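Let me give you the structure first, and then I'll get to my questions.
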Amino acid sequence: MKVKLSSTGPEMSRIVAGVMTWGDWGAKMNTSQIQKQIEECIDLGVTTFDHADIYGGYTTERDFGNAWKDMSIDRSDIQLISKCGIKYPCDERDYNIKSYQTTYNYITWSVEQSLKHLNTEYLDLLLIHRPSPLMDPQVLAKTFEYLRKEGKVKHFGVSNFTSSQVRMIQKYTPLVTNQVEISVLNRSTMTDGTLDQCLEYGIRPMSWSPLGGSKMFTPSDQYEFVAQRGRLKAVADKYDWGLDELALIFLLHHPAGILPVLGTTKVDRLKKSIALLDKQISDEQWFEIWTAATGENVA
Amino acid sequence: MKVKLSSTGPEMSRIVAGVMTWGDWGAKMNTSQIQKQIEECIDLGVTTFDHADIYGGYTTERDFGNAWKDMSIDRSDIQLISKCGIKYPCDERDYNIKSYQTTYNYITWSVEQSLKHLNTEYLDLLLIHRPSPLMDPQVLAKTFEYLRKEGKVKHFGVSNFTSSQVRMIQKYTPLVTNQVEISVLNRSTMTDGTLDQCLEYGIRPMSWSPLGGSKMFTPSDQYEFVAQRGRLKAVADKYDWGLDELALIFLLHHPAGILPVLGTTKVDRLKKSIALLDKQISDEQWFEIWTAATGENVA
Amino acid sequence: MKVKLSSTGPEMSRIVAGVMTWGDWGAKMNTSQIQKQIEECIDLGVTTFDHADIYGGYTTERDFGNAWKDMSIDRSDIQLISKCGIKYPCDERDYNIKSYQTTYNYITWSVEQSLKHLNTEYLDLLLIHRPSPLMDPQVLAKTFEYLRKEGKVKHFGVSNFTSSQVRMIQKYTPLVTNQVEISVLNRSTMTDGTLDQCLEYGIRPMSWSPLGGSKMFTPSDQYEFVAQRGRLKAVADKYDWGLDELALIFLLHHPAGILPVLGTTKVDRLKKSIALLDKQISDEQWFEIWTAATGENVA
């Protein structure tokens, strides 16, 4: 179930494990729990782990690295993604305000930190976490070139970028993905040009919050969401799917070949998700979901 | 009065006959009436006929084809446009919901239906009717290539596409037009990049609802439209134009070389429209219309 | 302090003198006052003067030219920018309404007028002042080619253009700048793709109203602006800057290499601005300004 993000790679598992909530920003797993989680993911074929330097206030990469270093798994059997560029004020870092930095010195330093924390020689994929108004595409190209030559990072991508930002960077250096929020509840990338551009460039998008987040599962008093959830539930019931399955089926059927980043730490839910990779739906079924989500027929 | 849509063709009449309302979705003409209508169009130089598979609930292509097959007109003397990709629930088709499909199998099958209904060996131009979130540009390229090689379709275009959607498709296969709504009452394509892109790529846009539809001609109680209509009427009166003439003059003066798709079945109105092809206005006169439409001076 | 707008030039002073308010639309300077102003600018290294045909109702180029012709300054020591394309009804011109014109005949005629008024053989840079819906990029390319060959204009650019308009023109003729409104109070070009495109194409933007205009300096009753101004003032105070200095520092730090067009006729303020060219701030400081302007932390 490996797929290539672009013609030049890298290969990633189609379902990606999102590590954001494994540590201080969520489950607060200890070393042995993380080791167990990593093992279970790999057993299920989920070999790609999605990190960012800031997760857990710059602590989760370290927690993962401490767990990973004592496991007897070949480095080449897993893929590590990390992100950088956000300076986040917290215990670990003495920043005054939240800001972005995408300079040569900062990014190369930040990657060194991630490598050290993760106990690895290289990242399979580095993403610029947020588009900064201060990005200089030629500086990024030079930075990426250095990191590639040194063997510290194999491939490069971006996250939460608009099409014009991707186009600007892509002019000077090849990108292999744009990781953005995509779900049945947040379909804007499907019409605003973001996914069009991925298909134009032949790169696969990744999706964070692929199930729609709490809005999907937490009952809300807002009429708009109650009605939408009701319509989606009716479609799910018709086909005997759960709402989480419906959300994932919706993403997996898209021609851009979206890689969902699943944050769940529950192995059962991960298993259910992987089972969906073999599921085929018709385009008409997909539009049943779309129509339930928008609340109106297509034009 | 023929024009080329792109450097590679095809040649179309500058004014295109819109067939949407000839059948069940409008005038409900019988065979001899359609034959008369076709003859009168051709006599006026309007040799291009704009169809879509769904018009009349999948019946109007057939009505046209039944009329056309017994007329002694050379196929090469007219140009047939059709569109596909919308699955529209109606008597003729057993669909549960309105949806889009742009797969190889569906489009090739759909074109076969259109060819059979229209009693023709080929379409001069096939348009994807609406942009589907599920379009795969490489699949479309392969589909178009097959249809071209088989001689079933000469040229390809799209309808109602945004610039990023056109760019995505154009990357893999050449398009010759984007048929969109453009009129003095709907000027968004003139500022949102749609017509910029046509000029960039050297392709001519086509305009549906070129006269602004009923909003232009039906008195409305909404103050906004009453005021706008009043301003446009004042310009039309100043130059002794009808409102329909003003609307068409506005389109024909644009440098993108817009082809209006006229839905009228009244020969007199068609004649009046064709007479406007020789009419020259100044840019200042065009901005008088623009300013009347927007209600404010340009910046 | 000269910078190149693109790899092919031209060289301009990093701070540009905006001439719009020197004449009838502002200070109403007489010939000797204009001569003094020109001298003081040049002494400060501000050698680039930003004109438009319409400034002062088509009178300010003439006022400048009358002053300039009797000064003993080498033409090659200064750079003259002008703009054309707006037909502005006023005493000097018999137009009925404000409109745009970008035809070959009109632009070449308009440039002749500017050359005559400015008492110069050539413009260093000509900008199309506003994007007209009637622009034909191939006509513009032909027009620019003629003006370049004749030695009347060295370089070409645009003003107030969207990315799709720039892309359309750039397809047929190279542009060296897009002069747009950019300031700490108007940051839209930093996120809507305008500055991304400049960085993609390797051209420098110019900024009109770089200090934010009167909204920045005139107390307002609107709560929104009072609050914003208060936050910006707090940052300025922290670093012992004036609000005008903060505004300029914000622009000068941007990687696109923005050239501010300063309209001030006060030499003291010009001096203060030039002193800022040597000022270095950190990215974090820049985001302090950004955050004060937006009123919220970055994502």
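First chain written, first letter: the chains are A, B and C, and each begins at residue 1.
Assume a residue touches a chain if its C-beta (ideal position, glycine included) is under 8 Å from a C-beta of that chain, and two chains touch if they have at least 3 such contacts.
Remember, predicted model here, so these are calculated numbers, not experimental data.
*Asks:* Overlay chain B and chain C by their C-alpha atoms and let me know the rotation angle in degrees, rounded to the nearest 5.
*Replies:* Rounded to 5 degrees, the superposing rotation is 120 degrees.
*Asks:* Report same or different for the chain A and chain C interface, where same means the shared residue numbers exceed half of all residue numbers found there.
*Replies:* Different residues, largely: of all residue numbers at this interface, under half are found in both copies.
*Asks:* Rounded to a whole Å, what is the gap between the Cα centroids of chain A and chain C?
*Replies:* 42
*Asks:* Would you pick out the residues of chain B that each touch at least 2 other chains?
*Replies:* In chain B, the residues touching two or more other chains are 163.
*Asks:* Chain B touches which residues of chain C in the complex?
*Replies:* For chain C paired with chain B, touching residues are 86-87, 95-101, 103, 130, 132-139, 160, 162-165, 167-168, 171.
*Asks:* Chain C touches which residues of chain B in the complex?
*Replies:* 163, 187, 190-193, 195-197, 199-200, 253-255, 283-284, 286-288, 290-291, 297-299
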